[in-house]
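Shared between the two complexes below is chain A, which has chain B as its partner in the first and chain C in the second.
Up next, the complex of A and B:
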């Protein structure tokens, strides 16, 4: 048994997600990602089942593991009760711990997610508050979103929100004592360690790629690169 | 499958939904994109149905979007959720209502994990205590907010001012329902009607007089895909999945799409705009788009609430054609007014959607 397989076994989602796969391919048949990308969850599970160290390492460094959309449709349909999407989560977690994620275009995007959603969680207490969904980064949200974004106080007030104010309600200000508890939870459970790993490996990769990297924020070449780069070599 | 067969399956997948005394946890996406839906929900429970519900200002995100995009670990999210359970206990509640479908799926995953791996539960207790000094109990009853509306659908029907019927033709509206994947695809027993034939939204549509439309890609994902939307380079995945659904439902001429997940509601609304810009293709009658509503918005409409207080003007696909079909009276002047009656700017009209 390979060492990487041992590391995967430490993730409870891996234990839950993979019993014995009989390679029927139902997961691939139902998978939205398999329809869009060069992606085959059956193949991934098959590779993992070989426990082959080299093949597993190649997978951890590949584009493939980042294609899943986490819809969990595979869980409903697998006749053996496997969940390839949970196996994917264990692979992605390990890929980040070992720094392999920066070897792939799709893996490098983890830096962009950490700098946006990851920062929002600890700064605001929300993953995607209205004021952090900038139309410049989300042109697909259309003119109505631009209108909401530009008139956020009046819109939230009309719709019964409690924007950045004390008390309960939609988009209320999250009190500092609650943010402090979140902070402590991240500290105790390794949340900051994971953020640190994403940051450190990304900084190293930015150096290798000759792209500007800043310790904070999204105004730097590396962020813009990973957020927008699409080699268009992922589809079928 | 014939209706009778489906109804048998629905009977096999019924869940207990608490009758009163709820602790409510909000959704990052619903409160940001559909704040009026959450406000209406609380008002409905408290004022119209006379229920006790606590909207705790102290809960935070569950970190679910971070979890499913793999920047938040399972250990971290379990402890954040445990903190919510601790605050629920502190407030004296045992029944939880979850506004978000991603969160709902996470709560089910965590509770099932704790059942099968008691050592993980023990570790989470230890983590939470170490971080915050808190202790917690697992909720006695857990419902998604759509489960609650489903439970009280008949009471809502009795109080309704409108039915989902066109008063001019006398025909029921054709309604497509979309269930968020994480509502029951992981653990069918937690969803009303299970995963293959969820009844949670179909039951509301039936009770309020509409006609549920079946179509081939009914259970296909909306395409959010977490990292597949969050990162601009990946959004082709997201829009392609929604497009697959729109193309599949189009021949059935839906008057409305009803969704229980805030993310699905938002994407299916916004992607219609994006497709119209990219391809010049606009779905729905007269190139007006197909309105996509939350279950709170639909309940509010049938109960006669002002559509602009429910926030329908802040969807990219506008709802006037739907309101006309339902015979709902509304003031166009009130549409973009502030709470105190000031006129706000009017949003720009998209080039390819007929307003």
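Up next, the complex of A and C:
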């Protein structure tokens, strides 16, 4: 048994996710990611159950493990009670812990996700609040979103939200007490530690790539690189 | 008068065992819950592996009943069984009591209810049928039409429906559905020569005499296609055709295919009758619910209750050939028991 396999076994999601795969292909057949990406959850599960150290390491460094959308459809159907998505989550976390994620384009995007969504949750209590989805960063959202973004107060008035205000309602300000609780959760569960690892390995990678890196914010070469780089080599 | 044996269930197992027991001089009563004998044999028109008619087996079994004296009680519902000293007293719904020195449980199997795999669309989409339904269509002998009334040009067979599936709590393999799928695909191809037929399987379990040859023939002579992948879900098109989502696992490609008719190869489950009798007699069951013998190698028909034996598909999936063999094997065990042969007390060293 490989060292990496031992590390995976320490993750409760892995233990829960992998019993024994009979390679039936149901997970891949139901998987939305497999329809578009060079991605096959069955193959991932099958590779991992060989316990082959080299192949596992290759997966941890690959683009493959980052294609899953974590929709959990695979859990509902597996005739062996496996959950490929949980196996993949465990692989992702291990890849983050060992720094292997910086070896792949999709993996390096972990840094961009941490600096945006990952910090939003701690700052605002929301991952994706309206005011954090800047059309300049998200041209894919199109002109309607741009209009909403620029006229958010009027839109909220009409739709009845309670944007950044005290009290109840959608998109209300989250009470400091609750933000403090989130802070504790990240402390206790190792969330902050993982964030730190993503930062450290990303900084190291930026150095290797000769790109400017800043300790904070999104205004630096490395962030722009991981955020925009697309080899366009992920599809079928 | 010889000792009395009561056989519960009058399928192949019960019919064959009862005539053999009668030939050995026992007084035999068969309790059958239906109004006819034969059990599931009555459901199959043409049999694997040699495509002979199911009727022929029925006539063979019936001939046995003509030659030997066997008392059959039809429509019988057992309400209680009591052990009194060395014999059993069986009480029927109509208060009739029957004494047995030995009991043979031959209560068989039930077909897996395909409604339970909701994602396959049985009972939701009209052109999804089971292997059992297809036999009924074969029995009508007319032109083959889908339930929507068209001549199917593309047909899919799904293996392992209700078997090898933790999601329906059936971990075991039903043994007979792979070869049934091959047999039915060949029959359909004969009736609709320009149809394209696809069997979706995980493993082709062609373990018995002539099974593998049948598989080969289905590919070579009949052009049946075999794709290694299990169905994830079925959907319906606006014209009531069925869309299948599978992975072709040998090329690692997700695949969508539209068929006119989808046939679900349903597996076996321990019958409701088997579970009822097991409860009345305190018989041990496996995790699957099939009856569990005292020893898997050496005591295959012997239950945990003295004088109670079992045979056939109440103990696990098996084809007709093995059902006959198992019924006859149980008869030798019952004979050993009633004659009090020393043989039955052989010990296993471990």
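Everything below uses one rule, namely that the second predicted complex is superposed on the first by the 236 of 236 C-alpha atoms of A that agree within 3 Å, B and C clash if a C-alpha of one lies under 4 Å from a C-alpha of the other, contacts with A are read in each partner's own complex, and residues count from 1 in each chain.
Heads up, the rule we're going with is that contacts are C-beta pairs under 8 Å (C-beta built on N, C-alpha and C of every residue); 3 or more make two chains touch, one makes a residue touch a chain.
These numbers were taken from a predicted model, which means no experiment stands behind them.
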For this session: Could you tell me if A:220 is touching chain B, chain C, both of them or neither one (first, second, both, neither)?
Result: neither
By the touch definition at the top of the document, which applies to A:104: first (chain B), second (chain C), both, or neither? neither
Touching A:126 in the superposition: chain B (first), chain C (second), both, neither? first
Just to be sure I read the superposition right, which of the two partners does A:172 touch: chain B = first, chain C = second, or both, or neither? first
**Message:** Contacts for A:43 in the overlay, against chain B (first) and chain C (second): which applies, first, second, both or neither?
**Reply:** second
| request: Identify the partner contact of A:145: answer first if only chain B is touched, second if only chain C is, both if each is, neither if none is. | output: first
Comparing chain B and chain C in the superposed model, the one touching more of chain A is B
Contacts of chain A common to chain B and chain C in the A-superposed view 35
Within the complex, chain B is touched by chain A residues 11-13, 16, 32-33, 35-37, 66, 69-73, 75-76, 83, 89, 92-93, 96, 106, 109-110, 112-114, 116-118, 121, 125-130, 133, 137, 140-148, 150-151, 154-161, 166-172, 174-175, 178-179, 181-182, 184-191, 194-195, 198, 226-230
Counting only contacts in the complex, chain C reaches chain A at residues 119, 160, 164-167, 202, 228-233, 245-249, 252, 254-255
Contacts from chain A onto chain C in the complex sit at residues 22-31, 34-35, 40, 42-43, 77-81
Note: in the complex, chain B contacts chain A through residues 26, 28-29, 31-33, 35-36, 38-40, 55-61, 63-66, 68-76, 79-80, 83, 105, 113, 116-117, 120, 127-128, 130-132, 181-182, 185-186, 188, 195-196, 219-221, 223-228, 230-237, 239-241, 244, 270-271, 273-274, 308-309, 311, 314-316, 337-339, 342, 344-345, 347-350
